[in-house]
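Down below are the structures I want you to see.
Below, chain A partners chain B and then partners chain C, in two separate complexes.
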Partner chain A sequence: MWLSILGVAVALGVVTDDQRIMTIAIQTYILAALASSWNILGGFAGQISLGHAAFFGLGALVTREMWLGGQPFPLSTLAAMVVTAVVAAIVGVPMLRFRDAYFSIGTLALGVAVFLTIGNVRPGISSLPVDALREYEFTGPYFLALGVMAFTVPVSMWLKQGKLGLGMMAVRDDEEVAGASGVSPLRHKLMAFVISAALAALAGSVFAYFSISYYPSFPFSVVWTFEAILVVFIGGIGTTVGPLIGSAFFIVGRYALASNTEEFQVVLFGLLFIIVVLLLPGGLVEGWQRIFGGSASDVVTRAMETKTGETKGKELV
Partner chain B sequence: MTQLILQSAVSGLLVGGMYGLVALGLALAFGVLKVLNVAHGELLMLGGYATFFAFNSWGVDPFVAMPFVFILLFLFGVGLYQLLFRFVTRFDVETRIKNSLLISFGLVLVLQALAVRLFTADERTISTSYSSEAFTIGLIRVPIVRLAGLVVAVIAALILEWLLTRTRFGNAIRATAEDWTRAALTGIDERRIYMIAFAISAGLAALAGTLITLGYSVSPSIGLGWTLKALIVVVLAGLGSMRGIVVAGMFLGLTEGLASVWIGGEYREVVALIVFLIVLSFRPQGFFGRAYA
Partner chain C sequence: MSKRTLLVLLAVVAMVLAACGDGEEGADTTGAGAATTTTAEPVGETTTTAEPVAEAPSSIVIGAVVPITGAFAGGGAQVERGYRYAVEAINEAGGVAVEEFGVSLPLELDLRDDASDPNQTTSIMEELGGGDIVAYLGGFGSPLHAAGTAIAERNAIPYLGVATAIQSLHEQGYRYYFSPFPKSPDVALSTFEMLNGLLPEGERPLRVGIFQETTDWGEELAALWVSEAESHGYEVVLHEEYAPGATDFTDIILRAQTADVQALLSLPTPPDGFAIYQQMGELGWKPPFSMVVRAADVPTWNDLGPAGEGVLFSAGWHPALGFPGIEPMNERHIEEEGRPADPIVGGAYALVQILADAIERAGTLDHEAVRDAIAATDMMTVVGPITFREDGTVPITNPLMQRVGGGVELVWPAESATAELLYPAN
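Here is the complex of A and B:
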């Protein structure tokens, strides 16, 4: 399934040069990569971060600074990921000592504080230089964004099946039991936090490459966190295909609503998110299973077995 | 230099009063319903706009409008509770906090977008005849609208504390906050208590919105910044005492004000974040403390 999606995406990039379709596709890939990175921390390790945009933004900021400063783009991206990973490792230790909702509050505080500070420190617009604009074309960013998604999603699939990911899920399901059986909760949560942040920075660096001009604080905006979480919840939290399904759904929805104002779209998606959290906490993947009984795919089934078993017990008063 | 420090301290204390007032409502909703409403700042923003339009369209003085804006947002709070948070209060405490956090996070986006659509993204403020008036102590300038904000915050905290500790209704609220099942057994209608507590919380946000629009400014995106400060204040003070929350707000404002003298106002939020992390590190679990102990 995953390979066929990739095949279609590559073919699309070769065939079309319609700017609108390219733009939508690039946005989808960035969002899918960002959502997958959030899902590693929120879905696998069970730590609901409300400050993910801080890492997306940091990735964009470092990349843009270095790249426009004359460094080659790959080096800038690598530096952005390393810087973000280091920052995440430093911030992660105090943050991850807080459990459950307190972690969410902590990360929300981090995200909002960083966003406001960048807005204060860097108020001016960041634009590509005029020469770069003249030869700007969509093919480069298209394949870059596709490549980043094609990197991020398999990383999360690999994590999910490997020992590290299993450890994260064990910690999510029960920290005490995981700790007692020799799976260090802090170490696994921190790994999830750092990997998730570095991948968010990678998505951010594509944003920095693709965008012609924006306020430096924009990638730090809470909207990015929201869209990542929305997409994961619509698709199905903790599954590897969920973020992809959710992104596709989100982008198709935006496309269908394109004649309406952006605010109207935000209102609709916000309400949709609230409804999903209230009524369908397992997202479309779970909805599919409830209606059709069978499995959408093997990976999904295994994911949902671990997930629903855990939440059902907790949500009954 | 001394003058700059003193002026920053005074400004910090005054804005800190607002932090305290915003935190009062957040603490009330969290203490009673165990609902963490990160859209509290957006309720504040709506209250601010209500005051702004009352003044601009009908010439109503903000202080006259205040009780009406309180009632308006009180009713809005009733609506929000019935439509959304009612469903959250069925869960156990952990799930309540998590789900309310996610739902109100969605609500932040919805209310911000609606505000941009209805009121445009422009920053607005109210200029009354007394807006620019200030009295001076030595060389320190104290704008009267900001001072009035602090006074209202203190009065609101005292009234709320009186309501919670000295009235029958307050006893019912505290009993529900402590253990809603046992409260229900004694004949308290916990649903009604939840609804009213949440509505009062929204009303308090509206008071803060009025004062902030008058003393500072309002725009659709101001909400999260104020929510952030209120969260820090609640973490600092715990839920134990309403007066304590206003004092903690003033402490945070003072810290920010003094720190900005040395490191510059742009890094104000970083100071707040560091205060937050330090406090959290000392109280990693259950840092909100016991409600109304």
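Here is the complex of A and C:
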């Protein structure tokens, strides 16, 4: 099924040149990748970070600076991921000593502080140079965004099915019990924090490549954090495919409502979100289960698990 | 790792590598946007045998992205009225003649709200660019224009904007951006020319203070104010920066008071400007001369009462300038709003006049032809005669206005002034 979805997405990029469709698709893929990265920390390791945009923004900032400065894009992306991972490791050690709401508030404060600082330090708009603007095509960003989104799925699967991911989930469920069982809570939370940040930087890197013009502080905006969290909850927290489904639902829904309901779209989307969360606490993935049945919480994971005959790592929060 | 996972990873790697290439294949497959602007003319001898009959659209669609909500809503409302009045007037006069179709077509304004968010500006412009608009009309405030013009350039669609003074945007080499509005050098120069022109030596506010927001336009205009102040015999005794959206300005106000600032120059967003002057009122300090670019453009500035009285601003236009066409527009504004046309309404109205004139001269809705026609503009509008420089700016006298007694008086240039400069205003 996953390969079928990927095939359809690849075909879409080949057959269409409709600017609106391409824009919506790219935004969906970027948000899905960001949400997947948050899901590793929030869904697998149970650490509700409200400062995730700081890593998305850092990825975008480093990539844009290096790329527009003349460095090859892949090198810029790699550098962005490394820098972000190092920063996350440094910040994560003290931050992850906070628990529950204190960790959330701490990360929120971090995100807001970074956002304001970048806004002051880099106040000017970042636009592509004129020559690049005239040659700009959507194809490159489209397949890059699709590739990055697709990359996050096997990474999530690998984590969820592997020892590291199981350790994260054990810490999520009960830190004391996990610690008593020989699973280091800080180490596993830190690994989730760093991997999650590096993947967020990768998504930010695509944003920097795709965006023609934006203020450097924008990718650091808390909006990115909350949209990623919304998407994860809509799709299904702790699942590998939930962020993808949630992202498609969120972006397409937002466009559809914006086109047809003008200023009421925010209210309508809020109501829709409340209904989804109330009726489907496991997100749209749970809705899929209710309609189509089955014992697995994640259709993609189910397919993978059926292949290997295993059932580990299937759960909803 | 299973074979299927491995296959997925390989596919991902292949796609990423393809995406990071130089994209020549991509240009071949998705170049339709650019092609539509270049293939409007029939190619080769086929045109001699059968002249293609172009089917006329029902209207000429103009895409406007305007801040109807958010920090720039007060200015956006003026821009919206200017566009709407001009479209109404042109349609009532029979629309715009388009030679390609052999008929006159009405203008249709597709106006969207970007909520004063430059990131929404870009995404809405992307969406509009995928449709059949002939040109973009911009909103209010330099951040929104700065974000939007790059999109217009990428889409090769003409972009006209007022209520933006940022000069650096015209130094990017853009071909499709036109702005018949005073720019930062005009604003900085006119500030001190007016002071020296209207106030005798010995009475001038020689001690200048600047409240600068940390934006690209803030940096640009503040630097120009500093250099113009020095060259006109003034001393900058205070230069304070603040982040847009700040709420407490007490510290910098007290510093200005301590530095004995006599002329306070600033360019805040409307909410920031209101906060600054409200807090100045609460602290009981006001300099003899205040210039508030942008924030004082909005009519609700008068709600500040004495704290906002006598503040000068630069909005590019005033109905007293007396150019042809002002009178009916002004009457329309009075009918709807109960007061003479707000300053930005005139500039916005002129943009539609310029675009309509360019379409008629181009004789087609082709973006490139319309762009060339705009560049060659030489016409009278409600903001005066317009011809564009190579960089999309216009040679324009920058009128300066003052908020006096709940109204707006034109104080500069002196020959068009409706009132004498209220000075000192504290």
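The rule is short, and it goes like this: the second predicted complex is superposed on the first by the 263 of 317 C-alpha atoms of A that agree within 3 Å, B and C clash if a C-alpha of one lies under 4 Å from a C-alpha of the other, contacts with A are read in each partner's own complex, and residues count from 1 in each chain.
As a working rule, a residue touches a chain if its C-beta (ideal position, glycine included) is under 8 Å from a C-beta of that chain, and two chains touch if they have at least 3 such contacts.
Predicted, not measured: the structure shown is a model, and the values here were computed from it.
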{"item": "First (chain B), second (chain C), both or neither touched by A:F151", "value": "second"}
{"item": "Contacts of A:I105 with chain B and chain C, given as first, second, both or neither", "value": "first"}
{"item": "Chain touching more of chain A, residue-wise (chain B, chain C)", "value": "C"}
{"item": "First, second, both or neither for A:N120, with chain B first and chain C second", "value": "both"}
{"item": "Partner chain in contact with A:R134 - chain B first, chain C second, else both or neither", "value": "second"}
{"item": "Chain B versus chain C as contact partner of A:I212, first or second or both or neither", "value": "second"}
{"item": "First, second, both or neither for A:S181, with chain B first and chain C second", "value": "neither"}
{"item": "Chain B versus chain C as contact partner of A:V267, first or second or both or neither", "value": "first"}
{"item": "Contacts of A:V277 with chain B and chain C, given as first, second, both or neither", "value": "first"}
{"item": "Residues of chain A contacting chain B in one complex and chain C in the other", "value": "116, 120, 263"}
{"item": "Contacting residues of chain B [partner chain A, same complex]", "value": "36, 38, 84, 87-88, 90-92, 94-95, 97-99, 101-103, 105-110, 112-114, 116-117, 224-225, 227-228, 231-232, 265-270, 272-273, 276-277, 280-281, 284-285, 287"}
{"item": "Interface residues, chain A side, partner chain C - complex", "value": "2-3, 6, 10, 14, 17-20, 22-23, 27, 72-74, 116, 119-120, 123-125, 127-128, 130, 133-144, 146-148, 150-151, 153-154, 157-158, 211-215, 218, 263, 304, 307-308"}
{"item": "Partner chain B, residues of chain A touching it in the complex", "value": "48, 50, 94, 97-102, 104-106, 108-110, 112-114, 116-117, 120-121, 222-223, 226, 229-230, 233, 261-264, 266-267, 269-271, 273-274, 277-278, 314-315, 317"}
{"item": "Partner chain A, residues of chain C touching it in the complex", "value": "1-2, 4-5, 7-9, 11-13, 15-16, 18-21, 23, 25-27, 29-33, 69, 113, 118-119, 122-123, 126-127, 129-130, 143, 146-151, 153-154, 156, 172-174, 214-216, 218-219, 243-244"}
